[in-house]
Every structure is written in structure tokens, then in C-alpha cells.
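First chain A sits with chain B, and in the next complex the same chain sits with chain C.
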Partner chain A sequence: MNSFPIIRVITKLLIPYILLFGLYVQFHGDFGPGGGFQAGVIFAAALILYGLVYGLPAVHKVAPPKVIEKLTALGLLVYAGTGLACMLLGGNFLDYDVLKHGILTENHFLPEGQHLGIFLVELGVGITVTAVMTMIFYAFAGRERVTS
Partner chain B sequence: MMDFIVIPILALLAATAVTVARIRNLWAAVMFTGIYSFLSASWMLILDAPDVAFTEAAVGAGITTILMLATLSLTPRRHRKSGRLSSEDFEERPSKSPLVPLLIVTITGCALVYGTFDMPHFGDPNAPIQVYPQPSFVEKSQPDMHGLPNVVTAVLASYRGYDTLGETAVIFTAGIAVLLILRKNTDDQGTSESQSVTGENA
Partner chain C sequence: MIEQLPVLVIVIPLMAAPLFVLIGNRKLVLLLTQLVCWTVFGITVSLLSRMQYGPISYELGGWPSPYGIVYNVDYLSAFVMLFVSGLGAIVITYAPKSVEREVHHSKHSLFYASYLLCMTGLLGMCITGDLFNVFVFLEISSLSSYALISLGKTRRAPLAALHYLIIGTVGATFFLIGIGLLYQMTGTLNMADIASRLQAVESSRTMLVAFAFMTVGLFIKMAVFPLHTWLPNAYTYAPSVVTCFIAATATKVSVYAFIRLIYVIFTPQFAFERLPLDSALMAFSLVGIFVASVAAIYQTNIKRLLAYSSVAQIGYMLLGISMSNVGGLTAGITHMFNHALIKGGLFMVVGCFALRIGSLKLEDLRGAGKTMPLTSFAWVVGGLGLIGVPMTAGFVSKWLLLTSALSLELWPVAVLMLLSSLLAVVYIWRVVEILYFSPASHLAKTAKEAPMAMLIPTYIVIGSTIVFGCWTVYSAGIAHAAAESLLGITQMGGVQ
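Right after this comes the complex of A and B.
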């Protein structure tokens, strides 16, 4: 893709907006359509687009495979950890009502209770989906063509 | 008014599906599956399911198309004499009698259509999904969630949080499985003749 300047320039222009849209879908998912899964895929799409146009070494600098591999597990741990935190606070597994803290909660400034639980859980889903999609792309793109 | 949008989209969906089945060029077929996903996403939006439309557009039209193209770019397109199957082998193979597959497909289709007779009509107010639970999630999620307006997110992440945990674990497992399968081969081929761009994969 080195010889397509238009594609390279347009990609650089587009990627910030794709990432911003991913963040919007992630963190606005409890108010509008969206959520962790969709946001994760959009985020991974931005990384994959970068990898397609600029090549794998470039995208490996942005998101090193070792980090991505650990993020796959981290997202799941955030999800399950939220559930365990609820248990430690005296509720049932994933029963977010116990996650109340009462700090700066007017007008949903900081989430609490159910809202905080949903926020954390969606964050976990988003991290895992981003990492898995990116990792699958790395696995495919890192292989050579079967010749002979 | 809606018919002007609904009928063309459904017609295009059917046309795309037939094209995918009939076209012999694999690259074109992959692009058509992407178009099919995008049309499905539009159709989901008409059915007032923006969350599903979102997922379909991002996963079906985006990621899946990329992965299929990546797979195609890895597989050889030339015919191999060494015994392994390639795509031309399937085309050259003399087709057997189409009667048995036709029979099986017809019987399966009839069974599926028969199964739909038990389903409630589209939008039936007495369907189980509309009457259970009582009060519905739409009504009870407002006080339960302290005013979070998106019921879909409330059901996914809170009421059915345990299911979603399982789904996330499935995605995680799938990613690990893909990594294990694709990585093993990279190790087998050795690094001597490898021009693979991912050096740290070994």
C-alpha cells in the first residue's frame, strides 16, 4: 500500500474519528444504542484499518501483540472481578446494587450502583472484544501465503 | 411509505444471497457477503433494533469480510498436482445425481416451515415474549436502573449479566483457539524460510 498516497492520507484522517466513535459507543452505550461488544469491534476496526494500509510492523508498534494477548484476559477479569467485588461487598454475584459510594453522583456525574456495574462490565466486554478481534487479525495477517 | 424502503431492501437481500451462492469468483463472493451483512443491518434498523444493526454492520460487514479476504490471500489459487485439494478440484469433480441433496433440503425445509406454525405471529401482543415478565423489563428497568434509558443494555449487562459473562468467555476462548491453531503452524514451518512479518510470533 506504499504507493497509494490518497488512501494513506485519508486513513490517517479517519482513524481518530473511528476511535472517538468507538469511545462514544462504549461509554454512551447505557444511554443510546451500543455497548461493549460494538465498541470493541469498532476499536479493532480502526487498528485493522491501520494495519491494512501501513503494514503489520506499524500496527505492532501501536498495539504490541504481547499487550493485546494480555488484554484479552484482562477484559474477562474486569467482568468477573466486578461480580466478585459485588460478592465481597455483601451482594450476590454481579448484583450491582451494592456498588453504591455516594461521591459526586448528582446528575450521573460519577456512576454508582447499577450504572457503575453496567459501566464496568461493558468496559470488560469492550477490552476483550477489541483484543480478540485484533489478535485474530494479527494471526491471519502474520502468516505467509501458501505457495507450491 | 415504509414499503418503498422495505421492499427494495428485502429484494436486494434475496438477490445478494442468490448471487453469493452462484458466483464462482471467491473474492467477489466475499464482497457480496459483506454487502449482504450491510443490507441485513439496514433491515434491523427498520425493525427498530439499532443495537443489533450496529453489531451486524461492524462484525458482519467489517471484521468478517476482512478475515475472509485475509484467508483468501493466504490460500493458493493455483492447481496443485501433489494430491491435496484445491478449489479447482471441486469444480472439476463430476457432479453426482442432484436428487438426494434436493430431497434432503426439501424435507429439512418442510420441517422448518412446519416448526414455524407454532410460533406466535409477528408483533402478537399475547406472545410469551410480550407478557413475560410482568411487569415487563421496559417498565421495571426505569426504577431498577435509576433512570438508565437503554433497556437493551440493562437486560444484557444487568438482568442477564451472567449470560453476558459467559458470552465474553466464549469470545475469549475463540480468540485463544484461533491463536493456538494458527501459531502452531508458524512454529512447524520454522523460521529459516519464513518471511513472516510477525517475528515475535514464535
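Right after this comes the complex of A and C.
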């Protein structure tokens, strides 16, 4: 792709907005349409686009495969850890009502209760989906071409 | 903490699996896997012991029953979870040496993570009271078992896993289509709620189609005779440890889901009286028993021989279910448990042969009875159980099935069952003859006895088939209680 300057420049222009939109879908998902899964896919789309245009080594520098592999597990742990925290605070598994902290909660500055719970769970989903999508891309792009 | 036990069964292995990916150290991961498996087994034991005070239900996220997901523990689910987690624990105790030899070192932590995920999925299918949740857990267990099977040593393992993946996905999709249709009709996914709403809906065509899709989907997962083609290859080429665990548990959990489908969601009246599913099941299972047993006789690979025998044994469970009375259902559920022990034990024996002889072809096993006497003897004992010789677990379930068939005056079924046991004698004896009465092959001549770390767990499982052949309070007794509660007969007192 080295000989397509227009594609390279446009990609560089687009990627920040894709990432920003991903973050918007992630963190506004509890008010509007969106959520962790969609946000994860959008976020991974930015990484994949970068990989397609600038090549696999470049995107490996941004998101090393080792880190991505750990992130798939981390997202799931964030999700299940939220549930576990609810249990430790005396509720049922994933019963967000018990997630009360009382710090800066006037005017919903910091979320708590159900809001905080869904926020954390969706964050976990977002991390895992981003990582899995990127990993699938790596698996296909990293295959060595069979020379016949 | 006691009231959180139903969810901990799922959460502990589910959280351990991603943790292992983060840890990555294979020695530590192995130790933690064993710890997690035995903890889960302990929880299922305590859940089953609390069943005498009545069923337990747990609301996830604190959302009440028809709206949120509930986990239900009753005799049947606690019993199935008990043997799934018990075999999971004992197989993982047996596993290290075998996995060391058959799975590449770089894959160990992922292997154990997948193993736990597979167990999570199977346990989840048992405990959940939400139909869509059943599908999710079915997929968790299936996807992780595809991954586990593909880790086999030969290059045919990934192919067998792919074959299983394609057919298994068809099965899961059929099940999902059925769920979708039921949801469309009733507007709910809670099993008990669906059941009560279906009573109001006189059997419509949608209900028939939903039932058909779900039945066929589960038939694929259970490997009922004409839909069993994925099973022999998957079992043969998977690593030995994976075969032990999956052969002992996975198809039984699908049978469990099928029992729930018929006896809880759709009623037996619908399935067996309005629809002729009972005679269809009987035909499928009898044909399956004979075809698969005959196929087992002609196999040259010991693992494939046992795989075909598994297809046949599923037939006995379905035969019990199709009788739709307490006796038949008890026999079916007891056979799920007994067969899990017997087949798990036999595959563990095969794993010992794989470790020391390195080949599973029958011709290479010739004369192994001299160099590996303990392993070979375990095969004989387990084999007797599979045939159904008195004083073994296999006899108990076959006896229950036989008496139930006789009480319904199904004479042909009874005769065919006895004949099919003779086929089991043939394929088990064929291996015994090769082990003890053939001139030793050069591989078997130089083989050493399997290590104690593998023999002891093998003998615990094989020994338990004798224990549960003589003492049936905790096998047939619990199965009886489960069958009674499924058929809506109020039971007084606890076990028995």
C-alpha cells in the first residue's frame, strides 16, 4: 500500500474518528443505542483498517499479539469480576443494586448501583470483543502464503 | 455464602479459565485446574445433599423469575452435575502425564482453560432454568470441545474437529430456531413459564415445528444413531484426556437437556401421545444399538471401537426415556450415570495404553496383558460393566430397563436388549483376547506398566463401577427420585 498516498492519508484522518466513535458507542451505550459488542467491533475496525493499509508489522507495534491475547481474557474477567463483587457486597451474582459507594454521586457525576454495574459489564464486553476481532484478523493475516 | 452455591458452580470455573490465559505458567495452571475441579465437585456434592429439603432456585442479578435468568437445582440437575464435575475432577487428576505427552507444551495453559470452559458449559446446561441460557451454555461447551479435540497429536484431529464443528453447529442452530419459535409463541424464555403458557396454546403448527427442530438439534448433539457420524472421528483423534472427559459427560448432558425438553417444557402427553415420538425413539435407539455395536466389532482402533460403543449406549438411555414411566425414566437416568463411569474408566484405560504403547491399533496392543497387567485388568473389569454382567454398574441399569420393558409388556424390546448385550460381549472379548492370548507385538513387548499417577484414578473410576453395581442408593435411588419429580409424582422423604 506504499504507493497509494491518498489511501494512507485518508486512513490516518479517519482512524481517530473511528476510535472516538467506538468510545462514544461504548460509554453512551447505557443511554442510547450501542453497547460493548458494537463498540468493540468499531474499535477493532480501526485497528484492522490500520493493519490493512500500513501492514501487519505496523499494527503489531500498536497492538502486540501477546497483549491482545491477554485482553480477551481480561475483558471476561472484568465482567465476571463485577458479578463477583456484587456477591461479596451481599447481593446475588450480578445484582448491581449493591454497588453503592456514595462518592461524588450528586447529579450522577459518578455512576453507582445499576448504572455502574452495566457500565463495568459493558466495558468488559468491549475489551473482549475488540481483542477477539483483532485476534481473528491477526490469525488470517498472519498466515504464511503456501507457495506451490 | 451457602445460598450462593448454585451460581458458584458456574462462576468459579468460568472465571478460572480467563485467569489461566493471563497466568500462562503451565505448572501453576495445572495445579489450579485440579483445585478448581475438585472445588466444583465439592459444591455439587453439597448441592445434592441439600436436595432432601426441596429444590433450590437462584435468581441472577436479583431479577425475579420469569423476567430474569434463574438457576434451578433439583434431583435431576444436581445428579447430572455431580457426575459431570466428579468425572471432570478425576480425569484432570489423571491428566498431567498424558497431556504432557500428547499436547504441545505451548498449548497447555490454553488446553486447561478450554477444559474448564467445557465443564462450565456442561454444568450450565444442567443448572439453568432459562431456555436461551441452555443454548449459550451448549455453545460454550461445544466450542471449547472443538478446540480441545483439534489439539490431538495427529493431523487428522483438526479435520475431525472441523467435521464436528460443522455438524455440531447445525445441531445448535436447529435448537436455536426451536427456541426462537417458542419465544415467538409464548413471549418468554423461562422454562417453567413456557411450560405453563404452552398449556394454553392448543398444539399449533408452530409448536410442532419448534419441537421438531429442538429434538433433531439435540439428537445431533447426543449422537443418536443416524446423526452420529461426527462422534467416532472426534473421539478417536482427540487427545486421550479429552476423550475421557467428553465421552463420559458431553452426550449425557445433551440427553439431560432432552429429558427437560420433553418432561418439563413440552409434556410427555404432547411428545408421546399426540406425536409418536416414543415409538420413533424406540426404533432409533434399537437400530442404533445394533448397528453401532456391530460397527464396534469390526473396528481396528481401540478408541474408535469404544466410540461406536458410545453411540450404542446412548440408545439404552433413550430407550428408557421413551417408556415414559417411572421405571423407564429411572433406568435411563441411572444409565447416564453408570455409563459415564464405565466409558470414562475405559477411555482412561485406553489413555494408559496410548501413553506406554503409543499406538491404539489393536494389532499393536497384542500381548499387552503381560507387560501392562494392571491396565489390562482394568479393561476387563470396565468391559464387564459395559456388557452388563451382574455385580457391575452396567447390570443395574440394564436390569432396570429390562424390568420396565417387561412391565409394559414390550417383549420384542426386552429380547432385542438381551441380544444386543451379546454384541457387547463380542467387541469387549475381542480386545481381551488380543491383550491376553495373542503373541506380543514388538511395541507391547517393550512397554512398561502405566504410572501410578494414572492408574490410581483409573482404578477409582473402574472400581466405582463395581461399587455402584452392588450398592445403588446413590445411583438408582437418586435417579428414581428425579424420575418421580419429573413425572409429577410427589415424593415423600429423601433418597430411595
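By our rule, the second predicted complex is superposed on the first by the 147 of 148 C-alpha atoms of A that agree within 3 Å, B and C clash if a C-alpha of one lies under 4 Å from a C-alpha of the other, contacts with A are read in each partner's own complex, and residues count from 1 in each chain.
Rule of thumb we're sticking to: contacts are C-beta pairs under 8 Å (C-beta built on N, C-alpha and C of every residue); 3 or more make two chains touch, one makes a residue touch a chain.
Because the structure is a prediction, the values reported are computed rather than measured.
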item	value
First (chain B), second (chain C), both or neither touched by A:Met133	first
Which superposed partner A:Glu122 touches (first chain B, second chain C, both, neither)	first
Which superposed partner A:Met87 touches (first chain B, second chain C, both, neither)	second
Contacts of A:Leu76 with chain B and chain C, given as first, second, both or neither	both
Partner, of chain C and chain B, that touches more residues belonging to chain A	B
First, second, both or neither for A:Tyr96, with chain B first and chain C second	both
Touching partner for A:Pro33 - first (chain B), second (chain C), both, neither	first
Intersection of the chain A residues that touch chain B with those that touch chain C	69, 72-73, 76, 80, 83, 93-94, 96
Chain B contact footprint on chain A (complex, rising order)	25, 29-35, 37-38, 41-42, 44-45, 48, 52, 55-57, 60, 65-66, 69, 72-73, 75-76, 79-80, 83, 93-94, 96, 113-115, 117-118, 121-122, 124-125, 128-129, 131-133, 135-148
Chain A partner contacts - residues on chain C that touch it in the complex	4, 7, 11, 14-15, 17-22, 58-62
Footprint of chain C on chain A - complex, ascending	69-70, 72-74, 76-77, 80-81, 83-84, 87, 91-97
In the complex with chain A, residue positions of chain B that touch it	50-51, 53-55, 58-59, 62-63, 66-67, 70-71, 73-76, 80, 82, 144-146, 148-150, 152-154, 156-158, 161-162, 164-165, 168-169, 171-172, 174-176, 178-179, 182-183, 185-186, 194-198, 200-201
